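Chains here go by letter, A, B, C and D, matching the order in which they are written, and residues are numbered from 1 within each.
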Amino acid sequence: MADAALSTAPRAARGGTLALRLRQNAGLLGAIGLFVLFYGVYNLYHPRGFSQQVLIQNANEVFTIALVAMAQTVPVILGGLDLSVGAVMTLVNCLASHLVAGGPGEIGLGILACLAAGTAFGFLNGCVVVYGRIQPIIATLATGAIAIGLALFLRPKPGGKLDADLSWAMTNSLGDFAETYGLFGDGSGGGQAPWFQPIAGIPVPLVLLVLVAVGVWMPFRRTLTGRTVYAVGSAEGAAFMSGLPIARAKLAAFTMAGFFAGVGGLFLAIQTSTGNADIPQAGAYTLNSIAAVVIGGTSLLGGTGGAVASVIGALVLRAISFNFRIFDIPPLMQPLVEGLVLLAAVSLGALRALRTRNRLELFR
Amino acid sequence: MIAGAPLALRADTKPILIAAGFVLVILAVGTAYTLATQGAATLLSPAYLIQQLQTGAFLGLVAAGMMLVILIGHIDLSVAWTLAAAAMTATAVGGPLALPAGLAVGVAVGLLNGIGVAYLRVPSMIFTLGVNAVLRGLMVAQTGGFAPQTAATDAMRFLGAERIAGMPVAVLVWAAVSLLTAGLLSRTAFGKALYGMGNSEAAAYLSGIRTRRVTILAFVLCSVLASLAGVMLAGYSTKAYQGMGDAYVLPAIAAVVIGGTHILGGRGRYLGTVVGVILIVLLNSVLSIMQMPEAGRQVIYGGVIIAMLLVYGRGAPTRS
Amino acid sequence: PKTASGPGPEPQCFKPWKADTKYMQWPKKDGPYRVAIVNGFVGNTWRIQMIQTAKAYAEQPGMKERIKELKVVSTGTDVAAQLGAMEDFINQGYDAIVTIAVAPDGFDRVIRLADRNNVVVVPFDNVLDTDKVMQVNEDQLEIGRIAGRHILKELGSKREGKILEVRGLPGNSVDRDRHLGFREVVEKEAPKFQIIEIVGNWDDGTSQKATADALAVHGRFDAVFTQGGSTGTVRAMMDAKHPFVPMAGESENGYRKLIAEHAKDGLKGLSYGQSAGLVAISMKAALAALEGNPMPQLISVPIPVEDYTSLKAGVNYWPDLTDNFFTANAFPACGVNISAPEIMAKDAQNVK
Amino acid sequence: MIQTDSRAPFLTLTGISKRYGGVRALDGVTFACGRGSIHAVLGENGAGKSTLIKIVSGVVQPDEGVMRLDGREVAFPNPAAANRAGVVCVFQELSLMPDLTVADNILAADPPRRFGLIDGRAQRRRAEELLASIGCADVDPRLRVRDLPLSRRQMVEIAKALAKKPRLLILDEATSALTAADVERVYAMLRRLKADGVAILYISHRMHEIDALADTLSVFRNGRHIETFAKGARSPDRIVELMIGREITAQYPPKPRRSRPKPRLEVRDLSWGERLRGLSFSVGSGEIVGLGGLDGQGQKEVLLALFGVLKGVGGTVTVDGRPHRPGSPAEAKDGGLALIPEDRKTEGLMLPMSIADNLVAASLKPLSKGFVIDRAKERAAVADAVRRLQIKIGNADDAVSTLSGGNQQKVVIAKWLMTGPGLILLNDPTRGIDVGTKQEIYRLLRDLADGGAAILFYSTDYDELIGCCDRVSVMYDGRIVRELEGDAITERAIVASALNMGNRVPHHG
């Protein structure tokens, strides 16, 4: 039979894996290009460009939005939107301002409680979407309001006091972290161990970011549930027919979103050592998270993309505004310039539309 | 639609009835509160109700436009600054040209949004967000650089604040726009095209519907209605100012959805949007009267939306 | 900075908050200086007026020579971005950072870095809950008290009835302090007044809607205290044909125009100003500190107050100009003489 | 009156009923099917076949009745449960996730795992094996399904079903988009499974497939099980009669014998990127011209190019002597063209909308007076369309998604006939349509042609091209390699040119 011959035939026609990967991730490549451009220019013109201080400062500034963007990504891949990520971030931020203080044990428990709270709120979002059968975008618009309301109950006005050491250690380099807690030392202090020196200059938030991405997102993506998230975003009906665990995937997606947003809120609390139930700020984080997801090349229609890409998107967003501190743009023109650059960045995807020669491919 | 069984409740009517019922519940709760605290049922007085309609008219105009865009499966997050930019432009131009200038802003923004969404095919959620940022930037630059006049003209005052036979002109404008919108949606090719595109853009396109033109028109109408609301709101407050539109975006979306329009497009009746607007305005007012702190307000606001959607939004599980 | 003893320079301008306010002193640096202004939210007239004032002030003789570079950025409502911008300017080697904080707390790290690098950080308007930096503000509690006293005075012997209080942005310390100051006076001297509280967000539209609502429900008030969006509050009363009553509110030009016009009908208004000119005083204070002067940690700027008896067209309000800007802008005691129309309406006459 | 075959039945259904609102999709069905058997399920559109297998595979639940598998009573709340019991279905509506890769799709529900995480490499290897086993080794498992043509997707779908190691395999029109060569490979695979003792339920509207494959046949009509019999026990005419309740005389209407008419559509050097490489052909008024060939040789693109969907089309096209360069379907429609698209679910219909709204979607302008739609005219047009194509509907206000596949397809056709097109493009219009309806559609096409319309007709079904078309242009790799006319249109000729192998005829099997 011809089959046997076919199955063993060399697959000569196939391109290399790398080429295929690149083609399938064109959006992400664009985002990386944008980031290199904006961040490179910023560092080039910064009086202390490419230095540890600048990197630390940038890492601190980027961390929360990067996590909120990761949070947004999972529901987006699922084919929904989570309009509550900024609010959940804020809620955990306020909770942390009550819980993350005291002795090391209390702090540890506090941190766990904060992460659990974010995760739980995300899970509730998932329940509303799955069992309430409400469209995610509108369900989370509503639960977002509830999260903000709870945050306001917790912190009617900004305040609270987080552990100062923790705050310092988490917002500086690994070296400072080790020094603060007397780790990897040679007895006289912390952070002098020779093996430690090469990495001592890395900002802690950057390490955390990588840990969350590699330790949580990457494995999740490779579970059956994670794949189902993609499948549901691609074609929910087909995913159901394929016998995939849809409800579990939806619950997991929103739970992940809550967890990531919670990590972001917790870090913001540690960074500022306070909690603040700031409604406009929550809204800004939510909207920026969507922008970051899009700039990262994830389709808002679901099924494709990834959280790491959204981190890049968030980096691009931040890097745009970094440049305002370097270049002399009249202050009242800055919002306009920022708006135009944002519009241009999100319109990059349009190149695909303009290149598409079969208009039917535009509809999906 | 072709005449169906007249007695059977159409699927898209149920949300409207429920929302209307909820409006009554809100009024009842508010009245119970005022009876308890002041011994009077002020909420049932015509003066109060007309005042709510007056407030609701601006939101109603924005929501009507938003609904057109939501029906085709898009969203317009730029209405906040479209509204403000139109008002600020109208007052800056002043004189008899104020109104046309304000509406022209709406047309321009709508065209930009429409082109971005229909031709560049950038997701509307994000393109309109960018346009919103650009508009804000423009208005900041203009306030700082040109210091224009911000006083509303008499015509704007008339539309926004005055009354004819005790009924605010703004409410009459809203009613007129509502009639037109309802007719547009149910009786014109454009209306059918909106629903068709909301359900399947590819099928609509292959049916020979000029989908790009329809998209652009929907965005233009949305922006024009937002700018009309802006011009009238400036008339109501006698002036235009930055940030006057911020309070209209999310409530407009919420009103449309509470009224039974599907957030992903393709389904919904205009009457629902009107009821949704009234519901939101009343809810805000009653919470304000009860001096509910912001925290409680937010929780109730979110709770109401979820409760409403749980009651009627629980459709069959999506399988497609 | 080290703790120093007063008095500092220009005490009529850099007035310590209280008698026991401590003084701070930075090592003297040679000018001219690089100054950064880190604004948060931009998108209302007050902030724009503030930025314009800062730019104009830096161009004035006496300032121009001492400032090598003035950079203004607005970071939006995001605290992380604001912290990042401040730290960035420290890294870039700026000498002073003037800021309106988006939150009253959370700046510890930046302050620590600034101190390490001898950078002078001056929060104003929305100040920080800390005594580790030099700050410039008007006394918000006092503003509330002034409002309360004015209303009680204008009500004469009436000590019973309803007062409408239109509050500002929920959760903001300015809103809280003004509210507390107001309540302190009214509750002490006229505890029988029922105070109806609504939220106006310091925004004309919100105030107008909320006031209209309150009027429709409560019918009549004997007096009104509106923290901001004052024009909207009055407009709502006029629309509802509510009689004019004693009032206290902000310094918007529109509000003052209405007071001037309707004082004789009973709009016995008081108008205080949280001035956008505070930025100029903050810049001036930053330079004074850089020059090695001992400075009060908390600088109290006099509250510009006018009432219906003291309003003068072309002096403290401008009938022909737009409603939106804030009239109180100049502080002669500090040599800050930029009037609001210069900033906000320089060519309003040309625009018809 | 079930005639069980010699072996004990593997699946038995007793008294199964299912209602959708007012529609009785299944009415007390009692049915059985045995191991090691290929059991064809026949019935016209809407007979309840899909509903039956949806119940068996856990997609929907019956209102009443009992289902037994291997003697034990079972009830499947969802497809996953059915899969676990060894019941696997290849659905009429594709169940692939377009953004996932081929490998991800094939092993979607149960991928190879290491430490709980999906093992990408092992998964790819397994997918390659499965694809090879159905002779589809040319599909790269790393590709996204979105980038595959429909025929390849159906093959992936089949591989996916095999991956679940079925004990009962159901194919619901799973071969409707496959070309003859692929169908052969699927047959081979099915026969292997049959030999291994798998029970197979096979639904198809193509009688020759059933002829070639099935050993047992069951006929359904109006939601009822009519009869089950062994292959050969009934004549084909009798079977059709059982299915549609009446006799069918001639499947295809007679072709008129006449000289070639003046071309209405003339295409010269049509090109589009790599996919169309300079084709020329013409279609005359009153003519039905078929496009044949293996799937994916550019036939679809020809239709789309003519209909204004593709950008950057080269060559000249004239319609009635006037140049024709539509920039959009709207312009094509204005030029008197109609296109029945490939996928009715996404391209032809707005599923949640009413039947009436779908029917008038292409004719809104002529039905309007000024800006306003004339309701009376609209109603009349809808009623007319339903009558003309004998669409089986309850109420014109019901969602079109409630119709069976065949009736949905009729709605698409009716929508376009309402515009009175002079040139009709059809992309596989009878996919998933029963014999009776097919016959109606052929009749209709011929009537339209006789009325002066020019018809260009792409089909994956050779029978249809032979029976229906005045001429057939066979495409290979973006070109027309052969034009057949009159008696020269034979299966042999079509297949030979489709494989572009001159006169050599391939051996199947």
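The criterion applied here is as follows: a residue touches a chain if its C-beta (ideal position, glycine included) is under 8 Å from a C-beta of that chain, and two chains touch if they have at least 3 such contacts.
In this text the structure is predicted, and so the values were computed from the model without any measurement.
Steps from subunit B to subunit C, taking the shortest chain of touch contacts, total 1. In terms of C-beta pairs in contact, A-D outnumbers the other of B-D and A-D. Here the spacing of subunit A and subunit D, counted between their Cα centres, is 43 Å.
For the pair subunit A and subunit B, the distance between C-alpha centroids works out to 32 Å. In this assembly, the C-alpha centroid of subunit C lies 72 Å from the C-alpha centroid of subunit D. Within subunit B, the positions touching two or more other chains are listed as 136, 140, 143-144, 200, 202, 205-206, 293-294, 320. Each of the following residues of subunit D touches two or more other chains: 309, 328, 347. Looking at subunit A, one finds that residues 152, 156, 237, 240, 277, 332, 334-335, 359-360 touch two or more other chains. If touching chains are joined by edges, the resulting network of the protein chains shown has some other shape, matching none of path, cycle, star or complete graph.
Per the contact rule defined earlier, chains pair up in contact as A-B, A-C, A-D, B-C, B-D.
Looking at the complex, you find that subunit C touches subunit B at residues 42-45, 48, 51-52, 170-171, 196-199, 203-206, 208-210, 212-214, 216-219, 231-232, 235, 239-240, 254, 322-324, 344-348, 351-352.
Within the complex, the subunit A residues that touch subunit D are 1-3, 6-9, 11, 13-14, 17, 20, 24, 219, 222-224, 227, 230-231, 233-235, 237-245, 302-304, 356-360. Subunit B makes touch with subunit D in their complex at residues 1-5, 183, 187-190, 192-193, 195-196, 199-200, 202-210, 266-267, 320. Looking at the complex, you find that subunit D touches subunit B at residues 307, 309, 328-330, 332-334, 339, 341, 346-354, 356-357, 360-362, 364-365, 367-368, 371-373, 375, 378-379, 382, 395-397, 415, 419.
Put simply, subunit D touches subunit A in their complex at residues 59, 78-80, 82-83, 89, 91, 93-100, 104-105, 108-109, 111, 113, 116-118, 120, 129, 131-135, 137-138, 140, 142-144, 160, 185, 188, 272-273, 301, 304, 309-312, 328, 347, 509.
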